[in-house]
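As written, the chain order gives the labels A, B, C and D, with residue 1 at the start of each chain.
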């Protein structure tokens, strides 16, 4: 199994937060971000958003991607980047706005087809709520699931639709908040092209052990894609892979291997104060190094240890990777 | 809709933690706990564990329950109360132990039938892990789901099996950790008698808004039962209902009403240092008072506010309940 | 005791997050924000930042404040609003930048004097770190505490310097992270004009019970100011006061009263998607209503209950406020 | 600098939680625990509780400790192990109980003198609260601080008193909840023999980076002792050192070295389901290995990187330890 290493185009853009409103860097255009991505050694794929093509032509972008020797892994749906979606997208109670939201998602599917990307990514960052009583959950879930179904039907049969879950931010609560909810929706929709995207830091924020979520989603054939980063666990810090959760990241890679995951490992980092190309390169080198460590594990020995269910036994196998 | 108010029998027993190993109270027997339950005004149902009947005869218990004017709401499965299950129950890698675990769960179904309880409760507190790499998640999930299926088949058609999710404690990670995972398992099993139990504090610990989980589970017809308590949100504090999350509890009750929930509201509190009967009575009175508040909400007004999706609008409706 | 109700000027400005980079509202100027503040019924004071006076003249601002019948409660130090401070302010390892940071803080003191504000506020949002090993903590703390001392000396004797603690955001770790650290620094500096600012949501994020922090800080005479809002507890949600932690907010107000707190209650909310004037008015009305509830508590009864140390007893006193 | 490696005697005892009330192991006596401690290779010191000497004679214990080639590092105060202290110890509102609590703490000082231990440890697990409004914080803090002062005076001049902070468990809130509060109390008491104990997992639970807390406490000469373990961060999991927070543990050891920490590194683990001797040995070997890694760091290079304040620079230095 070969590591397919990608990065979100946004990794290379300006970074800001609500305090530093003009950003820690300079604003740059989509093509410039792509050029920066092209500088990252070992990078093979990129993820984009449908909204990138409000700025550049799909065909120009496609050519440039090819020139750089990259491919487009996923076209994501941006339905949170303007105030228009402040109250929701697929869950909009205003039918006109809701239709526009779904149309934007269909555009992502169109662009995926045009760019040769196998997947569209649905991270529905606006679809949730901030306060108790703010939304009617019954109507809300109906609108949300119906919207996903409509996009997934549009994407049938050739484009996969990956639902990316996240507990919170930018809303205090996002509706599709964890691996279980995303999977339940996918199972109930019962469509071959609907699955789930794990973001490493989102999984941590939802209290999951990412390796376990890999196994759980794969059990139902529904792990479609991976967004890779690291975080302290209570917020989506979007940090450089491997800098915090070393053991859990090695375990995550191991279970991607054991479940024969064939998708991308796409950096979804937000290097607020760091040089993006350097951060991305460090992340890729860290992934490669941890992949190497995961491959050093004596699987027969580990399986025997796991059969005992005694943590001491499995730790004896694992600690050797680092504690010489 | 009438509130069916219950309590776990364990609410009335000795309480301990790992520091106060003999307990904050005195050890008492199952029949004594039942008598204490009988003293709680307004209590109509109780929940028990199959392990209670290692101590008392089912028939004796049944009679006493009837004498007290109560009924048995749920027979839960205790597969965590002795060191035997320290490494797991349904997920045991030792086939003999695993069979014993499943047999215990079947006993709960048997007792449910004998006691006239509609449900068996599966809170699988030992089925998880403590350390990274400790269990093989792939095998683990297979064993776990197969075990649930076997018990559910045994319970078909007359006894419901409610899966109760919890993020952690007593393991650092329990496998069925949130509403989504529990629902995904129930959907994949696709059996009419398999559903989900919400524990208010567990929902909080998993980052959920309990009212939202009610709506999500009900959407798929899978909300079977409620365990009621309160907590600060990061741990299963098992506190008196209504003492911390007032707004969220009112909202929870409202959505139980709006989804036409027909099950029990069973106290699952752990009054470490408090008198159990007093704590239970206060909890029931709090529930009744919050139910009254939930019923005071002008639903038409709320729905209109929710349609606007503006939190100010829904808050205007809700704050009147308390801020006169 | 009269409630001195204020609001941060920033409550009325544009709101954004890292996803909605142009903001949920329109950018407006300092004077426009002030005008909006002037529309909030019951508002008596405002807080500003030294950086506001890069845009408007202090004298013009002072007049307008007076015209609106308001007063300036605090001039805060903004040392996080531009990329210049991305790595730190008082903890800058570049001596030139560090001097500039301290000069900015001194400007806040100057403006406080010119505007008749009794306090300067030090929320040092850039002084922390994001990654392990990123800063040398030994040097870091020296620079941080020396910087505070220098500003406090400049502010002596007439201007109070309030240290506002916060656990995280915009850094993954901010150095002055909780009430204890802020107090320890204040005690070690041993200057009359150095104290602590509690932000309700920051206290929650640090795992504190805000009322307890009031008592703890007041014990050492070091509670200088209050920033008021609400939050779910794991992040600085900056929500409308009273919408989540009802009981804790009433308790907070009670302990402000019992400790004879004489300072301001200043709204530090961030109404991302809400109308700011409406949000501020709702917050003030909620505070007034909760203040009324706090005053309804029979203190003799509560003190007796607290002497028993039994939670049931104190809950019996408190629940009557709401559960009629 | 040599690593002084110790273990709490309790590491070797029976382990239980509120669900498995008889424990995961067998109950054993104090002398048996000591014998188990004696089997751990590389162990040099132990920590005990004053309550251990309700079971064994101090003189017998002292001899046995010497025979095993160990020494007693700390005598801790157990004021949480029986229901007597359920509502508090130093903060008891019942003067008789409070006096008993303080007398128990003085016994710990006496035993420290008899056993040649330099320190008494004050982890005041009962002194906090569970519910809002349960205690009067003003009285509470007075009692708490006065109690510490009284014990510290009794311990003057030869026995150090180390205040160990913890956010929660067994109370939902413990009063001395973080490094800052503990330090503030120590600074205000202004006694040479009063300082602070860091427990690695407690620091994580309070949102601290443990290395930073080492530097902060040392800045004021107040880091007295270390309790070592690991945890996922939201609860006191008391796991084997080095199994979760690898990077942070290396950094913690580095800052103990850089601040010239002279105290013990005492295991405070709770191997619920694991063999205690094996768990302790693994922890010590992990500490030694991470100590070795910390010593491999090129300090000049790290300092230069830290001076840049750019996380990429420090990560370049650090990642080499593991990512070859």
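Note that a contact is a pair of C-beta atoms (placed from the backbone, for glycine too) under 8 Å apart; a residue touches a chain by one contact, two chains touch by 3 or more.
Treat the numbers as computed from the prediction; the structure is a model and nothing was measured.
Each of C-D and B-C has its own count of C-beta contacts, and the greater count is at C-D. Ranking every chain by how far its Cα centroid lies from the centroid of subunit D, the top place goes to A. One simple way to say how far apart two chains are is to compare their mean CA positions; for subunit C and subunit D this gives 33 Å. If each chain is reduced to the centroid of its CA atoms, subunit B and subunit D end up 35 Å from each other.
If you average the CA atoms of subunit B and of subunit C, the two centres end up 40 Å from each other. Contacts with at least two other chains are made by residues 87, 130-132, 168, 232, 240, 243-244, 247, 273, 310-311, 315 of subunit C.
Taken together, the subunit A residues at the contact with subunit B in this complex read 87-88, 92-93, 129-142, 145, 167-168, 173, 175, 177-184, 187-188, 205-209, 211-212, 214-216, 218-220, 247-248, 251, 255, 258-259, 302-303, 306-311, 314-315, 317-318.
Taken in their complex, subunit B has these residues touching subunit C: 232-233, 240, 242-244, 246-247, 273-275, 278-279, 282, 285-286, 289-290, 310-312, 315-316, 319, 322-324.
Against subunit C, in their complex, subunit A makes its touches with residues 14-25, 80-83, 86-87, 125, 130-132, 168-170, 172, 232, 234-235, 237, 239-240, 243-244, 270, 272-273.
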